[in-house]
Amino acid sequence: MNTIGSLFKISIYGESHGKQVGVLIDGCPAGLPISEEDFTDDLLRRKSGAKGTTPRIEDDKPILESGVFNGLSTGAPILISFLNKNVKSQDYKDLFTFPRPGHADFTAKMKFGGFNDFRGGGHFSGRLTLGLVAAGVIAKKMIHPVSIHANLIEAGGKSDVNKAIDHALKNEDSIGGIVECIAENIWVGLGEPFFNSVESLLSHMVFSIPAIKGIEFGSGFKASKMFGSEHNDQLIDVSGKTITNFAGGINGGITNGNPIIFRVAVKPTSSISKEQKTVNLKTGKQQELKVVGRHDACIALRVPVVLEAVTAIVLSDLMLMEQKIPRVISENSAR
Amino acid sequence: MNTIGSLFKISIYGESHGKQVGVLIDGCPAGLPISEEDFTDDLLRRKSGAKGTTPRIEDDKPILESGVFNGLSTGAPILISFLNKNVKSQDYKDLFTFPRPGHADFTAKMKFGGFNDFRGGGHFSGRLTLGLVAAGVIAKKMIHPVSIHANLIEAGGKSDVNKAIDHALKNEDSIGGIVECIAENIWVGLGEPFFNSVESLLSHMVFSIPAIKGIEFGSGFKASKMFGSEHNDQLIDVSGKTITNFAGGINGGITNGNPIIFRVAVKPTSSISKEQKTVNLKTGKQQELKVVGRHDACIALRVPVVLEAVTAIVLSDLMLMEQKIPRVISENSAR
Amino acid sequence: MNTIGSLFKISIYGESHGKQVGVLIDGCPAGLPISEEDFTDDLLRRKSGAKGTTPRIEDDKPILESGVFNGLSTGAPILISFLNKNVKSQDYKDLFTFPRPGHADFTAKMKFGGFNDFRGGGHFSGRLTLGLVAAGVIAKKMIHPVSIHANLIEAGGKSDVNKAIDHALKNEDSIGGIVECIAENIWVGLGEPFFNSVESLLSHMVFSIPAIKGIEFGSGFKASKMFGSEHNDQLIDVSGKTITNFAGGINGGITNGNPIIFRVAVKPTSSISKEQKTVNLKTGKQQELKVVGRHDACIALRVPVVLEAVTAIVLSDLMLMEQKIPRVISENSAR
Amino acid sequence: MNTIGSLFKISIYGESHGKQVGVLIDGCPAGLPISEEDFTDDLLRRKSGAKGTTPRIEDDKPILESGVFNGLSTGAPILISFLNKNVKSQDYKDLFTFPRPGHADFTAKMKFGGFNDFRGGGHFSGRLTLGLVAAGVIAKKMIHPVSIHANLIEAGGKSDVNKAIDHALKNEDSIGGIVECIAENIWVGLGEPFFNSVESLLSHMVFSIPAIKGIEFGSGFKASKMFGSEHNDQLIDVSGKTITNFAGGINGGITNGNPIIFRVAVKPTSSISKEQKTVNLKTGKQQELKVVGRHDACIALRVPVVLEAVTAIVLSDLMLMEQKIPRVISENSAR
């Protein structure tokens, strides 16, 4: 299923080399100003011209197909599509026989009986994150004044990200990284114990992003090495503010008013120019494979804006549930 | 919401010091043998008599209230309840004024306007995991021959778990740990790209378990430091077997037939005997707090069986969706 | 699946002749006063001592197992159970071979491979509506000041209900009826076009009640014989009040502020004392059947309170969604 | 929310006078042949050139935007869009002040704070049923060999439908009708007791269709006037076949193998040429209104194909749940 959310529901669709990719957004309050320009910054951050990212050039122009009238959301579902133009499908024709290591070529073929659109990864492509980013732009407006910022804090184990990428490029290789996301100005009381814990909802969405291998909140994996007396955040006032924030802003699944902090591990891009080995699915024999086509040396560079988007999407849903976002945004609202 | 799942749906309820806790299970195929004895081993593992765990003694006897007839599931919802008997509510009466550091006392009070049952953590108590473990017992039967094993591989940063706990106990302190979970004999093709990725569904459930601070699949956070050429698992036959398993058994959100491997970070128990500081919510002033009551020195000791349970629950749902579990278990089935 | 609802979610469970039946309620705001006495009136209306109803005597005492503390809802799930005491299972032992006409004996056996609890209809029993009525009692409190009233307006085609039942009893037969339900003091704007139309949500719940054969809103089936010029309700003020109410209080799936009005058709009780024919599922031969056991001559007598309950449940969910019910009921609220 | 379904999920979007309307379909098995021609017949039946229907001419050409590759479904979401071309928005500009009787103009404005796209009914338009019909075409293929047929059996209270429409047209008026739908070759065992009863799921979808005022299964409202001895369908063989079919093919919410039969009441088209009265929402005063624009004299003429579609959609979901439709359609399947 490609749909998620309770009151703010998003569905993504499309294929890398099909006609289009996009997102259907349901539950946006009526009256929210939305224009195609609103998407420019985040889409640009996702596309990124930075060193180490794929040279596939798409204009990534969002088309508001429904749900917006006179520059304002109507309360009806919003469909945002992105046309695929710069498509080179011949690059991918052998994937069915020679599954690329680290990719979903093998699992997709097995699951869908070989009927999946394999061109450029098809529906499994990172291009589908365009829809997530677009939905995130709307979600960020909805959750005002909550602010969310994510950054690549480490690549290939180094904090000097550019240097690490240079090194990988020289070796026809790719590297992973760590992205940190912080959400501030959070209401106390979002989320629930157990299945609707903020960590549950966030991690669910975060692992929807291709290439994520791990997530940790607040102290994260370091918590496993700490004593309780160190780890317990000490409250300092009745608003819930704490001195440390090992909890990552969440206790018992519920926001405590301190910033939500989490980090994710991003694996190195699976597509590399270096020669690799795989199995020929027709003959069953191992074989050399050289992955042609366009790819990023460090996919983690694109992750921050996607991480912000999914965080905003989760918070939108939670804030609607807690009645912190009205069903109709009045015209004189500050949003 | 305390309900999760699509075709195998579970709902947990109850409070630590109320009448009972339990779980309502919907979607179990008809014809599955279920007896109260089936639950003994896993409930015992959860309760654990091991050093460092709470001395609260409950018999944790599951009562099959519905959905089982003549020792077999009927296809109707299964309610399993656990009565609370050994309750000492007087230990907790001040929590409303003096929220315990690291606990949900503050967030629960704020979210529910002070109407929450605060006794022993109320609905936020780790005791609610009884329902998860019980549902897991049934799920493990459903997913046969998939097998799941979780182990505490590190506590307080040490692999010698007992020594670490001894050390913490001497200091009236608590420690965290790391638990690894491995599921074997997995079908190829469970899960979906994006929102229903196996990682999404597993992490969602895993963060429903109290005290979890992080999760990583396969290579996990180490992936961020690796090159693509190292990280890409090499296929060696048409069944999808790979030499390494950095993917953790999942590509593109879909199982590839190799074991699913993930690890979680567990924080140190929040309740410690050592004196701590908190805020008096009536006066707004900081104050010393000594948490009385019964508690575990290393809650991570109880996590493995809960982790197995939630993994089995997720796999049950996915296998029903992929039609790998029949709706009626025939009498001569090997289960 | 035995769970329904978005923000106000209910799950029913249990069997007619098992240990208990009940309901798990999730999403009730914290702070709502709830006592076991609150349920007395509606449960009594459902049980009914009236002529023509089954002589099975159960005390139908609701047990609040969780989610209520100090007489107020806590915000956590509320489990309400009803113990089965007056059980005569020997009455039903042949149902597996001789399915009763009009009952679910045949379909239940086929669907669940014969593993279903057949005693007294098992999970299919009308006794499961106890959970609906109990959830309805809580829902009615939540939706204050909306008021809901349902009445049996016709039985066996006659408006003199008692006379019709007498006639049926004399003939060892049963009769159906029509129940009308009216909800007043409704907000404008509940519901949505298409899949979440008020009619969709209400009819979904209404057909969860056993024995319902039809539902119509406002003009209902008469609409099919009317002209548009007659049928269009004329607005008379800016609040949305209309002269006629053929719309049944709903336009485009959304409440218009006029009373919601609908009627349901209830079939005659399937269990009758008269001899009937069925098929012996072992031999495949037709055979005479005399249904023994306790049963109602006119099940429609019990429907009004159940109809009110499901209406209140649907409205609770819609009002939470539209933020017309707060997440926490403050102590000085009039509820 | 504009999304419905568990394993076969559909979401509709768009506005009457916006860029497009359409449907996003999730859960279609991979390998199902789908071409744009497949939609022609049902879309034509919906559009209908028959007397009494609107003269708005759209080509209603479905565009398969995603999820289909080489003429076969891929298992990924299928987006089908229909461009709006023949749009005359000036017809509708006053609806905000003068709500049309019988329409959603008033409720939509109130619910969405006046931000809704009011042109031609916007998102509330019957044009949205294009998406339902398109999803129905795919669903009909999935449920093979189940066959579904719906017919207008009565209009304006007369079985001579054309004569009734002529009469209405002469009077610048509109009429309603009754549509009957029959589904044959049904598996025994689809649906569940209570919330997932076949009647619940069907009625939910049916009331998503604009203008429906009532639904009845099998005997329907007549059941209320019958004796149990008449109403109980007599089984005649072990396959579940019954002599009569007052149950409408469903017992206890579960299909019994006999045809599913239900009828719906359709109200007369709300838009009529005759002068009517409404309220001026700015002044609060009553006023004459003449609805201009294009409209059907008998909207019931278009309902049969939509009814077939939603029935097929519900059955697809139920059959996937009961594992009667494989997740991958093999190439040599008869479908």
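Letters A, B, C and D name the chains as they come in the text, with residue numbers starting at 1 for each one.
Quick note on the criterion: a residue touches a chain if its C-beta (ideal position, glycine included) is under 8 Å from a C-beta of that chain, and two chains touch if they have at least 3 such contacts.
Source: prediction; values computed, not measured.
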Interchain contact steps from chain A to chain D (minimum; 1 if touching): 1
Rigid-body rotation angle, chain D and chain C, from Cα fit (steps of 5°): 180
Gap in Å, rounded to a whole number, between the CA centres of chain B and chain A: 26
Where chain B and chain D are represented by their mean Cα positions, the distance between them in whole Å: 44
Set of chain D residues in contact with two or more other chains: 1-3, 6, 12, 111, 123
Complex contacts: residues of chain A adjacent to chain D: 1-3, 9, 11-15, 18-22, 24, 26-27, 30-31, 65-67, 69, 72-79, 81, 111-113, 115-117, 122-123, 328-330
Chain D-touching residues of chain B, taken from the complex the two chains share: 6-7, 321-323, 326-327
Chain C residues touching chain D - in the complex, by the definition given at the top: 1-4, 6, 12, 99, 101-104, 106-108, 110-111, 123-124, 128, 154-157, 168, 171, 173-178, 188-189, 192-197, 199-201, 203-208, 210, 212-238, 240, 246-248, 250-256, 265-272, 274, 276-279, 281, 284, 286, 300
